[in-house]
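Dropping the structures in below, format is structure tokens.
What follows is a pair of complexes built around chain A, which joins chain B in one and chain C in the other.
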Partner chain A sequence: MASLKRSNRMKTVGAYAVAFFFLFFGLAPIVWLIITSLKPEHEIVNRTLTYYPHDPILTNYVDIWNQSSFPTLMMNSFITTTMTVVICVVIGTLAAYSFSQYRFPGKHALLIFYLVVRMFPAVLMIIPLFLILRAFGLLDSHLGLALAYTSFLMPLFIWMMKGFFDTVPVELEKAARIDGCTRVGALVRVIMPLVRNGLAATAIFVAIAAWNEYMFALMLTTSSGSRTWPVGLQLMIGEFQLPWGLLAAGGIISIIPVIILFALVQQTMVRGLTAGAVKG
Partner chain B sequence: MTDNATRAGLPTTRRFLPRPETWLGHISEHRHWAYFLIVPSILFIFVIILYPTANGIVLSFREMRLTRPDLGTDFVGLRQYADMLSDPVFWVALYNTVKWATAAVLLEFILGFAAALTLNRDLPGMKVIAVLILLPWFLPNVVAGNIWALMLDPRLGVLNDIFVRLGFLSEGMAWLADPDTALWTAVVIEAWHGYPFFALLFLAALKGIPKDHYKAAAVDGAGAIQSFWHITLPAMKMVIAAAVILRVIGLVNSPELLLILTGGGPGNTTQVLSLYAFQTAYLRFDFGYAGALSVVMFIILMAFCILYLRFLRIRD
Partner chain C sequence: MKALSLSNVRKRFGQLEVLKGIDLSLDDGGFLVLLGPSGCGKSTLLSIIAGLEELTDGEVKIGDRVANDLHPKDRNIAMVFQSYALYPSMSVRRNLAFGLHMRRVDQATQAEAVERVADLLGIAHLLERRPAQLSGGQRQRVAMGRALVRDPELFLFDEPLSNLDAKLRVQMRSEIKKLHNRLKTTIVYVTHDQVEAMTLATSIAVMREGEIQQNASPSEIYDRPANLFVAGFVGSPQMNFLDGRIVAAGSGASLELGHEGRADNATIPLPPDALAGMEAADGRPVVAGIRPEALFRQEGGAGGLGFGTKVDLVEITGADTIVSFTIAGQEAMARLSADFKPSLGDDLTLAFDPGRLHLFDRETSNRLN
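Up next, the complex of A and B:
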């Protein structure tokens, strides 16, 4: 009995050791980015590496914000992200609701189709998109980029949102209709409030993906008028040999919204992302 | 078809049919309502995905170089594809794509499974850790790539400093600029960035296995390894299949991380098909050849997916 207890304790210690390894592996690089962002330049390029900032400063943050186009880049990303989310939420929610609550011929095939379109190489779409957007004067515009983002985020949104609608009993619409609601009324007044958290989590998932995207933005934006922050930051690194301290500060600033949004809805988001996994 | 009779069910409810007050409410009572809801998304998919993709395939049979308008945009049949066969970079990129995707999926799979098995233990704190380890997955490639570029810098990088202090290296190494290490270094970075996806799905799948199954197995005298082999793995088969295929698609299709880390260098040792196609379009503006490269990439990916699913005997 005593040995069983000891072997259990060993297992527990082992489990924590592995868990902390993953925690360290995942977070140490991010912590290092924060440390670097707080170091003055002379401490970063120093011959002997310092493992913590000896005199921590915030000048890197002030400088990247005031002396570069970073605020504009962030604003562009914000506008493009918002547009993407709005398009996905309006069109995607309707489709997801239909897929989840109604039965109609061709539904299964359509759902699979929405999954398969995600397999199409982005590069294969990016070239004609470039030509199409150019023809419509949407190249290098917020809307053009948002439309491009919708191409791969809409199917994702519909699948994730369908999972949340699936948790609502089909009888609910019927009940609302008996009480005199139209189908739209039932959706807006009865069902949407029930999937509010799911909608928020799905929208945030799409927002993070749009905020982070790099390749489409690189190809489809050409000026500072619509260039997003990932492209801008990478260009600064390449063109102006951006000092590491400023780069680190820029990186931290731009991932703060991501971390906050994820923290707000993490439980629901994890549930939405893994809905398929649990059902098998 | 979801008409009123089948949706509302009982004939008695017909008396209570709602009286729509708005035009939207009116439309929603139409018997094709379920279709109306999905039409916008279908239109969108057609305009924004199918049309461009079809157009891209057509482009691969044409001459189209934005930098050489004098060449025109005529159809050239299979010339782009013929050029590809004699293009050494294409073959290198193809080989690298296989290496890149295989190594990254393997490493992410192992890390993800190990993390999921550990975090599935019913111990205090594991739930918080399970959320925190997801963080790298949500980071943009631009930040993920540059964090590691910073840590691996030959002069200023903290990892090189640690390796030197521990005596593994005599001096800092340029991991991403050395043809021998560049691809494998990129694989490790990709694994750091991508493995939480596996951990997330596997952990959810593990939690979905009823505990009774393990108890029953224990009663029958099954050890930990036996119950892992006979209960855990079969129960997770579908999730594993789906996770691996989604990840392979992502790894083959997206050149973002390599674009940021190495741009295909040094000497094409990290050049993969998606990156080569993108650079052909973005740097050389040779849209025809870039289209042909991505069509070939797509065909290879499709072939892999079909073979893989057949191998696992999974339909749908």
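Up next, the complex of A and C:
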């Protein structure tokens, strides 16, 4: 009896230990980033390690916002992300809906093709994309970068949204069409309200991926007119200086929109992602 | 005026032909039931009438308009689906009004129509609820209300009662019947349930593998089935089918049940009018069909259209006693009165009215008499 209790307690302790280990592993870099962003330069570059800022300052935040191109970088990221999301939502929703509800020749082949596209490493796609964008004069532009993002985010969007549309009974569209809607009308008026949680979740996935993307942005943008924050931040590392405090502050500022988005739609998102599993 | 006429309607999905030239028509105020087993094409046919599915060939006329190329919304039809297809995000009131709203009917008329239909179906107290908060029967009513509210030319019902439990199904069935009697609406109704078909229809089209086997009134379908398929599909327990031959003997003819040359064959002499309308070729192989309920007990030994047999199995349903027996080496059933409670192996003499004997060609399976 006693040994059974003890073994149960050991299991609980073990489970918590694993959970805390991964929590630490995930959170420690972010916590360290916050601490670093609040330290003055002399506390960051020091022989003795300080675990918390002795005299915390906000100068890093003020400086990166006022004395660098960081606001422009943020704005560029914002525009590119918005464009990516809009393209994915408009085209991807229609595509996912037809994949889910209609029968047409080549449907399965196309769906698999989208999946295969995702299997290639991004590096392989950059050179052809570079050439295509250059041919269309879209290099170093918001739209060009957004289109490049859709090349790998659209398949993700379509596959996820197809999952949500699959849970909608086909009769609903038929009923709406008989009630006087066109197919697109039925989609907008009757079907979309049912999958809006899923749509929000999927759109945010795409938004976060586009917001944080680094490699495409590095290769496809050349000027400050379209450069996004991950690239801009990296370029602040100079040959002779490494402004740790500024970089940390920039990092923190740039994850704020992501955190806000998550906070706003957290519940919707969780509901959306589990909708397929537990059918209401 | 014909409310609906279909001529030579065909539908092909790739190589598969699911409708093979359907001709049908329905009078104004009629109740047509498309009856058949699953996969016979009845729901596809309904979808074609609704415009949800395109036809490969043929013509669909609703009223006096050719509807082949009309969008579903322009056909002036309403449809009730098996899964109800209520809009989950809208209240019952919005569900009912949606069709009117899409047709830009003004608010006051919409509200009035919704109230009228809600009262008619007894769902007035549910108007503010969402479909998820309703029971199966209530959803069914709302689905019917959504069809009724627009007052269309043609109502299409796609197995509307199959998701309900047995008791509710019977109740809703009689409500649909009452509604049809009262409102004189024109209805096309798809079902695989022969009881629904028999009780509701003014005309039944029995379908099988994309073809109409027989299109007639319920009593005609029951009393004079056109072929073995219709005979077997309608009626419960199923009609007894017994292989046999017509044997001409002098002026009269008789029916020899059983396979040729067997010792246990039974011969039943037929009155002259039993073979009316058929070529009574001697020795013609037939399938004799006798409904279990057409058989009755005959006291005082065999004779006339009677035959002797033994009780193989007794099933007491309460309302009646179903007796299984063997005649000429073939199994059959008789539906007898409930006060008759035989034991296994008892001798039994059964008889039937010659007017209720169905004879089918053994090769073509078509009706002969």
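We take it that the second predicted complex is superposed on the first by the 252 of 280 C-alpha atoms of A that agree within 3 Å, B and C clash if a C-alpha of one lies under 4 Å from a C-alpha of the other, contacts with A are read in each partner's own complex, and residues count from 1 in each chain.
Quick note on the criterion: a contact is a pair of C-beta atoms (placed from the backbone, for glycine too) under 8 Å apart; a residue touches a chain by one contact, two chains touch by 3 or more.
As the structure is a prediction and not an experimental result, all values here were calculated from the model.
K.L.:
With the two structures laid over each other on chain A, which partner does A:Met125 touch: chain B (first), chain C (second), both, or neither?
P.N.:
In the superposed model, A:Met125 contacts chain B only, not chain C.
K.L.:
Just to be sure I read the superposition right, which of the two partners does A:Tyr97 touch: chain B = first, chain C = second, or both, or neither?
P.N.:
first
K.L.:
Tell me the contact category for A:Leu172 with respect to chain B and chain C: first, second, both or neither.
P.N.:
Second partner only, chain C.
K.L.:
Is A:Val190 touching anything from chain B or chain C once the two structures are fitted on A? First, second, both or neither.
P.N.:
The answer is second: A:Val190 touches chain C but not chain B.
K.L.:
Does the superposition put A:Ala15 against chain B (first), chain C (second), both, or neither?
P.N.:
In the superposed model, A:Ala15 contacts chain B only, not chain C.
K.L.:
Taking the superposition as given, does A:Cys181 touch the first partner, chain B, the second, chain C, both, or neither?
P.N.:
The answer is both, since A:Cys181 touches chain B and chain C.
K.L.:
Using the touch criterion from the header, give the chain among chain B and chain C with more contacted residues in chain A.
P.N.:
After superposing on chain A, more of chain A is contacted by B.
K.L.:
Considering only the contact definition stated at the top, list the common interface residues of chain A for chain B and chain C.
P.N.:
Overlap of chain B and chain C footprints on chain A: residues 174, 177-182, 185, 280.
K.L.:
Enumerate the contact residues on chain B facing chain A in the complex.
P.N.:
1-2, 7-9, 13, 16-20, 22, 24-29, 33-35, 37-38, 40-42, 44-45, 48-53, 55-57, 59, 111, 114-115, 118-119, 121, 123, 125-126, 129, 131-136, 138-143, 146-148, 150-151, 153, 156, 158, 161, 192, 196, 199-205, 207-208, 235, 238-239, 242-243, 249, 252-256, 259-260, 274, 277-278, 281-282, 287, 290-291, 293-295, 297-298, 301-302, 305, 316
K.L.:
If you look only at chain C, which of its residues touch chain A in the complex?
P.N.:
47, 50-52, 71-73, 77-79, 81-83, 85-89, 98-99, 102-103, 132, 146
K.L.:
Would you mind writing out the residues of chain A in touch with chain B in their complex?
P.N.:
12, 15-16, 18-20, 22-23, 25-27, 29-30, 32-33, 36, 44-45, 49, 51, 87, 90-92, 94-95, 97-99, 102-105, 110, 112, 114, 117-132, 147-148, 150-151, 154-155, 158, 173-174, 177-185, 187, 208, 211-215, 218-219, 230, 233-234, 237, 244, 247-248, 251, 254-255, 258-259, 262, 266, 270, 273-274, 276-280
K.L.:
Touching residues of chain A toward chain C in the complex: what are they?
P.N.:
My answer: residues 169, 171-172, 174-182, 185, 190, 193-194, 280.
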